[in-house]
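Heads up, the next two complexes both have subunit A, just with different partners, subunit B and then subunit C.
So, the complex of A and B:
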């Protein structure tokens, strides 16, 4: 009996010792699954439609009524409450399942001149994308919506949509919401007389006009551009970045590589003479420049866009997810971002998609040795992100202000530069232009049919 | 006293646990990346069908474990290299060129070229000459020759120095080298290298061999900077475990041994 117990004791101690040995070998041993790639969508990157709304909200909201007009830009203090009221309206409109019908093209201009709210989204969106943050819209490519409170008796609001693809105007009538939209107009149009903020079409700037043999108007503006007649005052800002401290952090580097779907175990790392850090694997190259930007280029596959369900929306969500994730890794504050490019189903194929940071309600662009760039850009090919660039800037107000001449005087400068060359301007706005991390304020124009921005000196 | 019964139960529990962990440890060490002899014979046949001959004895059956190595390149600064070559001082004659007396040092992208048109006292042994420059190598070359950079005894395929020398010293030297030392070198986690069989099949898709008839003369395992040039202009360089397959016609292809993908190919 005694010997049996001794034998048991020895056996038990031996087995415990063996299990400790085996456990430490397994725990500290090599992992067979080391170096798996992670889809950036799997690891804390997914965003929802609601979050993407932040980058496709209207770039400006123009309220007209009682002979006054007000233009509220995204990112300004009034914007939040104003947009919130409009969202509530759309929630009601969506619940009514309205039907859009064709309308006369002249109704669009009439609606703008009347008591109305113009929602200018800045870029063209397929109706499937815009419908997610507004209401069910007619099929097409849409950049603007107009809400017209038509009748206090019937409490009716008409919603106008213009399909830029086919050129058709559509209209739907919501049998409620009059007081909310009308009240919104009354709240905000306390400022300018409508004559001080005319639309281009109200002044005939959207059509070629010949005054005499020597004078003709060759520079045309998009009908809905608001012609500012006053000088523009903009807060001055400083630009900084936080790259170095992040790139010294090994955990951050791993997060960054995961975000771009690199296989961590087989990534090669280089540091260039200019201190840019370069990561290379068989599929792609990722460069982090100490000057404040990051650049990704795929040699082969790229990063797949999420294209389940409707392609344009899901592709946009994939892209915004990558932007957010990169910004988080570099400890950037959450900038206001706005899409610059048109978002249609074609972005899944081959497309360049641009986005801009906004600060103080003003877009930020970059002057890169004479070439203007957006702060975020994507190259898409066959449903894959094959190119990506993001400036990792932070902004703060200096307390000072910059004064730029009116839009009209800037147009004069543009005309002087181009002489009689015909131009059609689809957008004109004030922007912060960053050059070597110094920011200045300039008027910028976008020509119709291009993504190019021209800075007016 | 039930303690005896408890011990019996514990013995069985630990026995089961040990058997499970032993099986798992054996599974973890199982090498799925070895190449069977039958596979090697198949490769030889496939190569023959593509007018390529390869001696099966040079095809490695087993792969090892290596990891990426990061080296801080102390010589990305060209004037630093010039200081090491010309200990008595130098003149900068251009963006990438230096001279001292009858000696010149020039840089062409990643490569350096040294020429000694004056008689330089000293050794013609390339190893000694390199050691004086801070390039440490165990390979002896008493009358010049070529020295390959090695890490852990394995060659870095792109970095090597070739010199002409003799009793009057080194007259000419050129090449690529990544200068680092133990303190500035990081060895990443080792992984099992991909089996050579897949790489050899992918080799057939390259353009480095003569399609009318050629022969594989060597299959090496070593490290690669990832491009045919030495990448020595970088302050930090990563070298990845790699396979280099060389043909009799002079062409070669380098593959990333951790992923089995082609890094680059050089045709002659």
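So, the complex of A and C:
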């Protein structure tokens, strides 16, 4: 009897001890809330300067003045200081109660040709998202802003915004900031004469103007594309990845599974014929390819986006958070990243969202057996991430350079390929194209209304 | 008889040589032209910039642009005021001669002098059986910055005077 009591007591104490141990492990160890998606909640709520500013900063800043024009690309050494000065200007603008009013369509072109700063965000953003990193903007879908230091006497700066959805131009006048914007122009305009970097509308390449039936103009360019008249020289790079060494680390695998909301205890894992490491649970599949990329596909629920107030911005934060977390697990350096897709207020619903790495101020894309891919891509369905792919590449300069023909010669190559097919090009740029971890430099074009990239050989 | 045949053959060879030489020089962009050449009246190029035949600019480094038929050769000349000769433009040592590609786009930088600039755009339609020409004669007037500085300064002064008057 005595022994029974002792045995029962020992068992009870042991069970209590184990419970306390497990409880403390869960409380202080595993994350109860998924990943960093909700990190902004720890800041006390409310969205001010959102964490995703880094991926929706202007893709290029074009300064015009003193008969010169200069194009500063994201990721270059001059960009940081230049953008910092613009941020300070927007902080001042936001503190004033500015009212945007309608402006004439012709004012947009005049503003670009005058002493001005063009901020090209690369993609269209709903004003609710872009306002988070600039100033309160008029309702619409906005891709570019122009700052025009108009008058030294009145110390005034005009801000122009174009709503690409409705085509309207808006203008607001800030009664200060002239010296900072004008000083910015004087500081950074040291480069090409303005006519070495003309806009497409200045050369008439944005509209069909010929009435001659014998002269065909099959390709139209967006008005604000800068027509480079010279050959382009770009530093050459090498591409590497770090997957194998990371996947040999059990802790890293746990972190990775946790980032994608896998229940570690119930995950099955195996190696595919193509050497990909595969993790499967009842909800989703995660594959890590030795070629240098990971791919996630959800069968049922997926990874929830934060769709509390201000859904578009919160959704972007969730996505960016996953990208950063994955990059950290694989010990990747912090790449410049830029959103490629147009971001509307309904992005949390059903959308494909693409992002690109930038290196040397040049975007990096992937040629996957003839199919062009972005380095980061999301499939969103009903507020859930149901698909995700990220290339885990690292880049370094070789010291060599690649020379590509001028933009016009590249347009000739494009037209040779497509013959008389009419094309409207919304963007044209130099990019690194990675094919089986070899990077080459090519002109790329984006057609209006699509997310497709065409690589010009 | 044989010497006569030889003479005739010699003359024929010389004539053919001259014709061949003329043909070659007609289809290549010459380094200079004395006076305005005649045009065959074909429309092979549409000039977009400048928009009008006579125009004004403040940009000394100017870009001519337009669209042309694919395959034609477009060359740009400027008129030397002293001699009236049209000389082929060179930019950074490169002659302003382009063969238009499949896109049809044409863009050429030219350096303008202050005042009136007579610019000539010549098109050789080399793909035709006979060499055809289109000539576009442009006048571009360059106003230098000092003019605009004086204009801006005057208008700003007037603005300030008016503001003071209405205070």
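Keep this in mind: the second predicted complex is superposed on the first by the 405 of 457 C-alpha atoms of A that agree within 3 Å, B and C clash if a C-alpha of one lies under 4 Å from a C-alpha of the other, contacts with A are read in each partner's own complex, and residues count from 1 in each chain.
The rule is short, and it goes like this: contacts are C-beta pairs under 8 Å (C-beta built on N, C-alpha and C of every residue); 3 or more make two chains touch, one makes a residue touch a chain.
Being a predicted model, the structure only gives us computed values, none of them experimental.
> Going by the contact rule set out at the top, does A:15 touch subunit B (first), subunit C (second), both, or neither?
After superposition on chain A, A:15 lies in contact with subunit B alone.
> In the superposed arrangement, which partner chain does A:229 touch: subunit B (first), subunit C (second), both, or neither?
Second partner only, subunit C.
> Examine A:202 and indicate which partner it touches, taking first as subunit B and second as subunit C; both and neither are also allowed.
The second partner, subunit C, only.
> Should A:23 be classified as contacting the first partner (subunit B), the second (subunit C), both, or neither?
Only subunit B is touched by A:23; subunit C is not.
> Name the contact category of A:275: first (subunit B only), second (subunit C only), both, or neither.
A:275 contacts subunit B only, not subunit C.
> Looking at A:67, would you say it contacts subunit B, subunit C, both, or neither? Reply first, second, both or neither.
second
> Have a look at where A:5 lands relative to subunit B and subunit C in the superposition and call it first, second, both or neither.
Only subunit B; A:5 stays clear of subunit C.
> For A:265, is the partner it touches subunit B (first), subunit C (second), both, or none of the two (neither)?
first
> Considering only the defined contacts, which subunit A positions touch subunit C in the complex?
Counting only subunit A, the residues touching subunit C are 67, 152-153, 193-196, 198, 202-205, 209-212, 214-219, 227, 229, 408-409, 411-416.
> Can you tell me which positions in subunit C touch subunit A when the two form their complex?
Residues 43-46, 48-49, 51, 58-63, 65-70, 101-107, 109, 145, 156, 159-160 of subunit C touch subunit A in their complex.
> So in the complex, which bits of subunit A are touching subunit B?
Per the stated touch rule, the residues are 5, 8-9, 11-12, 15-16, 18-19, 22-23, 25-26, 29-30, 32, 34-35, 263, 265-273, 275, 277-278, 280-282.
> What part of subunit B is in contact with subunit A in the complex they form?
Going by the criterion above, the answer is residues 4, 7-8, 10-11, 14-15, 17-18, 21-22, 24-25, 28, 65, 68, 70, 76, 188-191, 226, 231, 233-240, 256, 258-259, 261, 263.
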